[in-house]
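Okay, so subunit A shows up in both of these, paired with subunit B first and subunit C after.
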Partner chain A sequence: MLHTVNKSPFEKNSLHSCLRLSKPGANILLLEDGVYGALKGSDISEDIEASLADRGVYVLGPDLKARGIHDDRLIDGVQVVDYAGFVKLAVDAPRVQSWL
Partner chain B sequence: MVTEDTNHEGGQVKKFLYLNRRAPHGTNYAQEGLEVALIGAAFDQDVAMAYTDDGVFQLKKDQDTSDIGTKNFSATYGALGDYDVTRVYVELESLARRGLTKEDLMPLVYEDEDDDWEEKPLIRFVSEAELRDIIEEHE
Partner chain C sequence: MKFAVLVNEGPYTHQASDSAYRFAQAALDEGHEVTRVFFYHDGVNNGTRLTTPPQDDRHIANRWSELGKEHGVDLVVCVAAAQRRGIVDEDEQRRNGKDGNNIADGFRISGLGQLIEAGIQSDRLISFGD
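Moving on to the complex of A and B:
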């Protein structure tokens, strides 16, 4: 299953709820303001690091670039995808849940 | 005559502090807030800007919106100094909570008319306690 999160984790609890209510084996895609959740060394980065043990975490490259975040600032293990990668994640998943 | 208390129209000059708490691209708040502040400054209002919470992301350097199809308004922050907005505060605690440092922000400058137009850094980094006092001082 694919979960998408498009809100900043420092402003809304969407990412927190997604991490709490997603299951092992799920993929999580961070996009729009959600990409801030992929930053290394933040107040919430440990939550993402913990989820990487049994879930895939992806982040949308164009949204990172718009916000001035280079790949070397991301939590290790988080994978950057382009729009085609986003489509593939969605097509390959039986269901998509958006955390707004 | 222009004094500290009146502008050239003879109206009252208020001390405005624009408190910026939203990230730049997911919503319009940042761009519109910046425009409102610059318009106020153009009409001789005393404008200061404070960036806290997700607002600090507005000043992140290297923003490039060419792949998301929106205007890259981050260049507009470079106009703050030209509009005599020389008090731009960034809260250090908000940066740290987001894994950012001072060096992550755009190196904004202004020309100091009281010091032979010398180019000086625009951003003043402040602590949470200092920002509390700054908010109290403004109308």
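Moving on to the complex of A and C:
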């Protein structure tokens, strides 16, 4: 399953819900303001690090760039993808859950 | 693979319409099919031809129209959401006695059944919105 989260975890609780309810083996893609969830050293980064043990966490590169966030500020293990990578994640998962 | 896309947010609001467009474009570039984009809630505002954004800004409605035309993507606006927000085609103009219509090229107004159908007939349904 691919989960997408498009809001900052400091604005809405959709990323918290996603981390709580997604299952091992799932992939999570952070896009739009959701990319703030991938930053090192925030209130939520420990939860992201924990979920990396059994889930894939991805972040949309163009949305990072639009917000001036360089890759070196991301939690280790979070992978950056472009839109083609987003499409591939959707193809590889049997279904997509958008946490709107 | 067949993709269907749901857009729940208006143009120039946050980023959902842009993300949906760029996802659809990328899927097409990768050789996939985008069967339908369904515009629901404030997303129906993507389907008016009367917008005039500044020249150096992206023209979101035209961009959808062009995508529909070039790749045969069915652009469907939810009728109940459209009626509330004043998105009108010729049929709706006649039916509701309006003095004009504003539906953009390549868009059509239809019911929520089209979203369900898109979900059933496509391999993936991806939602963008607030």
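The rule is short, and it goes like this: the second predicted complex is superposed on the first by the 100 of 100 C-alpha atoms of A that agree within 3 Å, B and C clash if a C-alpha of one lies under 4 Å from a C-alpha of the other, contacts with A are read in each partner's own complex, and residues count from 1 in each chain.
Keep this in mind: contacts are C-beta pairs under 8 Å (C-beta built on N, C-alpha and C of every residue); 3 or more make two chains touch, one makes a residue touch a chain.
Note that the structure is a prediction, hence the values are computed from the model and not measured.
S.K.: Quick check for you: in the superposed arrangement, does A:Lys40 touch first (subunit B), second (subunit C), both or neither?
M.R.: A:Lys40 sits against subunit B, while subunit C stays out of touch.
S.K.: When the two structures are overlaid on chain A, which partner does A:Lys65 contact: first (subunit B), second (subunit C), both, or neither?
M.R.: first
S.K.: For the overlaid complexes, name the partner, subunit B or subunit C, with more touching residues on subunit A.
M.R.: Of subunit B and subunit C, more residues of subunit A lie in contact with B.
S.K.: Looking at the overlay, what does A:Glu32 touch: subunit B (first), subunit C (second), both, or neither?
M.R.: Touch partners of A:Glu32: subunit B and subunit C.
S.K.: Check whether A:Ser8 is in contact with subunit B, with subunit C, with both or with neither, and answer first, second, both or neither.
M.R.: Once the two structures are laid over each other on A, A:Ser8 reaches subunit B alone.
S.K.: Identify the overlap between the subunit B-contacting and the subunit C-contacting residues of subunit A.
M.R.: Residues common to the subunit A contacts of subunit C and of subunit B are 6, 32-33, 62-63, listed in rising order.
S.K.: Note which residues of subunit A are touching subunit C in the complex, please.
M.R.: Residues 4, 6, 31-33, 62-63, 82-84, 86-88, 90-91, 95-96, 98, 100.
S.K.: Which of the residues in subunit A come into contact with subunit B in the complex?
M.R.: So the residues of subunit A touching subunit B come out as 6-8, 10-11, 32-33, 36, 39-43, 45, 61-63, 65-70, 73.
S.K.: Help me check something: in the complex, which residues belonging to subunit B touch subunit A?
M.R.: Subunit B reaches subunit A through residues 22-27, 53-54, 57, 60-68, 70, 72, 74, 97-100, 104.
S.K.: Using the touch rule from the top, collect the residues of subunit C that touch subunit A in their complex.
M.R.: Within the complex, subunit C contacts subunit A at residues 1, 3, 8, 14-16, 19, 22-23, 25-27, 29-30, 32, 124-130.
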